[in-house]
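Heads up, the next two complexes both have subunit A, just with different partners, subunit B and then subunit C.
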Partner chain A sequence: MHIPDGFLTPGVAAAAAVPAAGAVAYGLRHARSRLDERRVPLLGLTAAFVFAAQMLNFPVAGGTSGHLLGAALCAVLLGPWLACVAMAVVLTAQAFLFADGGVTALGANVLNMGVIGAVGAGLGLALAVRLLPLGRTAFLALAGIAAWGAVMLGALATAIQLGLSGTVPLGVVLPPMLSVHALIGVGEAVVTVAALGAVLATRPDLVAIRPRGLAPLVVPTAVSGRAS
Partner chain B sequence: MTRMRLFFALCLAVSVGLAMGLSPLASSSPDGLERVADDHGFAGQGGLHPVQQAAPVPDYAFPGIGDPRLATGLSGLAGTLAVLALGWGLVRVVRRPGG
Partner chain C sequence: MGGLGVHALDHAGTAGRPGSVVHRLDPRAKVVGLLGITLAAAVAPRGAWVVPAACLVALAGVAWWARVPATVVWRRARVVLPLVLLAAAVVPFVGGGPSVAVGPVHLSVEGLRTFGAVAAAATVGTLSAVLLTATTAFPDVLRALERLRVPRAFTLTCAFMYRYLFVLGEEVGRMRAALAARGFRPRTALGAAAVGRLATALFLRGHARGERVYLAMCARGFCGVMPAGAPGRLGRAEAGFLAALGALVVPVSVWAQVA
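Entry: the complex of A and B
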């Protein structure tokens, strides 16, 4: 879903870059003040995994492929705001080192593939684990749905930006963007659930958003008055 | 702490393994947006930014390697390590006292 340069007008690209930059800046503040020292390497490791997984295009229908975006996965592992930073690191490296995704479109790509999915899935799942007595399986199922939803929201945002830029009418681009990403989102859900299942089985204490019963709350992702 | 290191090493090994070993087998079909852009006639509007003309590893093919699979695998290795370093370094920098 990487938008290359030339698809968006400068105005639309700038308008998308503002909330993207804001979310990443907020994430960096979290990294500075609210990240437990022993979890410092996690952001880079998660970003590295997302980069690797994004190279693995899988075929969907009719000569089209898709790959993991990873925003929902990052959000569960790191929390929504650090996830925005991790996704921005991946997308920036892709744009400048691999010429994948535009430079002027970088803000839009961070918004569409990172921020919207990370914040949407992250806040949704954080609320779910707070309100519901979720077991491991139910949590993973919800995470899969969140991952699918994150891809769909990203596709919606991309279509809107293309429409606003006058590149293609929204009514023309929206239906195919949503239908192809509905399939790609299934792959996203599968990879997200598999990766989360593996980490939850081995080191649940390192997962920022997880079912309440799964491990003692060691790491403050949420505001908690209780001592750990 | 050693268990933690072991876990991190395992995570990195999985990532490098995917990026090096599996990426040459990935589908080369256009992705969702590329497909829609092709079908609706706006793919040609996209182009590289002047800075990207100098991208060290354009199109995930490591330069100077004849075998395309090896070129892709090496780009995966390089990219995974670069992203790890960037992410780790960035967090280190923002956490520097007074930084």
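Entry: the complex of A and C
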């Protein structure tokens, strides 16, 4: 889903960069006011984890390969706006370190994976948690759906941007893009649910969006000196 | 677990002759210059071949000046470039308009042009990024971005992510040793479930260690600003570097936009 340099016309790249920059700027302001000390390592580590997870490619049907996105997982762990910052950081580092995703298409990539993926999934889940009395299973199921949806919406946005740029006609790029990502999304949902279930079971205090029933345990994390 | 890709960081360090003129330039000049080249290639009208050609000449000059061996550039570009070219290669098969027959298949002329332009711009972008990382350490890139007015909260998160990549890598090493010591050899699909639990354990252990790293940083006086070396300055070498790149790329870009 990483768009390289040259695939987008300057107009499309700029039009995608404006909302992406706005969302990241809002996320950064949010981070400055809300980020308590304990969450600094979590933000950095989640970003590092997503960075590493995105480098694992797995084969999808037809000789193509996909990778995990991590947007929904990030959103549940960090909340939608910090997750947006984390995804933007991951994508920026990938563009600068590995040329994975073009620097000139960074705005579009942040929009597709960070804003639509993380903010979309995060706000949706946060709303669901506030409105519905969710149990653990229902919450995990919703998180899985959010993970699948984040992948599909990101793929849809990518296809639309490529179509608008005249690189490939939209009618040609859309069906394979969506069908491949429908499969990738299932893998993403399985991984998200598994990881989230394990984190909720062991360290629910690390999860920003969680069902009301699961109150945070009071774990003196900073001084417990867990053996590792 | 394949090192979770963290070993790939070995491919992202500096290369070439560390004392070369390019390596010693202020990182800001390199970020601006190489980003400028990528930008020029990306905004060039499709079909204006002279622009990506000029960009490639400029990049070859930078690589030669920094003594980055072609093998290193090739090894690093190989990680992403084939995938990109493969993705672009579908375009000639699906484009409309007049077509040419190459053997049994018909390729759209318009599609071939688009493919060429997209592939050229993507190649320039990839090589620019490869040369930037080959001549500049990542923390220096971050410092340059910060001095170019990228918000500090953003570069700081980047810096923490970079630091924690190594924490994760080391944790993977320890877990691998523990797995080997217990004779873990996944042979069936059941191994996949174990790997899933390993990934979660890695996250939790990495977080616990990341917290200790952060506390140790705070204990040593960290207060939200990464320690910086001597501040670089934009002197004659930087001006010359940017002027040389600009002389190669700007005139042809302007000409291509006008024509």
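Simple rule for what comes next: the second predicted complex is superposed on the first by the 215 of 228 C-alpha atoms of A that agree within 3 Å, B and C clash if a C-alpha of one lies under 4 Å from a C-alpha of the other, contacts with A are read in each partner's own complex, and residues count from 1 in each chain.
Keep in mind that, in the parts below, a contact is a pair of C-beta atoms (placed from the backbone, for glycine too) under 8 Å apart; a residue touches a chain by one contact, two chains touch by 3 or more.
Here the structure is a predicted model, which means the values were calculated and not measured.
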| item | value |
| --- | --- |
| Superposition on subunit A - do subunit B and subunit C clash or fit | clash |
| Subunit B versus subunit C as contact partner of A:Leu43, first or second or both or neither | both |
| First (subunit B), second (subunit C), both or neither touched by A:Ala155 | first |
| Which of subunit B and subunit C A:Leu91 touches, first, second, both or neither | neither |
| First (subunit B), second (subunit C), both or neither touched by A:Arg203 | both |
| Subunit B versus subunit C as contact partner of A:His181, first or second or both or neither | first |
| First, second, both or neither for A:Val103, with subunit B first and subunit C second | both |
| Touching partner for A:Ala53 - first (subunit B), second (subunit C), both, neither | both |
| Partner chain in contact with A:Met1 - subunit B first, subunit C second, else both or neither | first |
| Subunit C region in steric overlap with subunit B, selected from 3-11, 21-29 or 237-245 | 3-11 |
| Contact residues common to both interfaces of subunit A (with subunit B and with subunit C) | 4-7, 28, 31-32, 38, 40-41, 43-45, 47-49, 51-53, 55-56, 85-86, 89-90, 92-93, 95-100, 102-104, 167-168, 172, 202-203, 206 |
| Sites on subunit A touched by subunit B in the complex | 1-7, 28, 31-32, 35, 38, 40-41, 43-53, 55-60, 63-67, 85-86, 89-90, 92-100, 102-104, 155, 158, 162, 167-168, 172-173, 176-177, 180-181, 184, 202-203, 206 |
| Complex contacts: residues of subunit C adjacent to subunit A | 2, 4-6, 8-9, 11-12, 35, 38-39, 41-43, 76-77, 79-81, 84, 87-88, 90-91, 94-96, 114, 117-122, 124-130, 132-133, 138, 141, 151, 153-154, 157-158, 160-165, 167-168, 171, 174, 196-197, 199-200, 203-215, 218 |
| Residues of subunit A that touch subunit C when the two form their complex | 4-8, 10, 13, 24-25, 28, 31-32, 37-38, 40-45, 47-49, 51-53, 55-56, 85-86, 88-90, 92-93, 95-100, 102-105, 166-169, 172, 191, 194-195, 198-199, 202-203, 206, 221-222, 225-226, 228 |
| Of subunit B, residues touching subunit A in the complex | 1, 4, 7-8, 11-12, 14-16, 18-19, 22-23, 26-33, 35-37, 39-42, 45-49, 51-52, 55-60, 72, 75-76, 78-92, 94-95 |
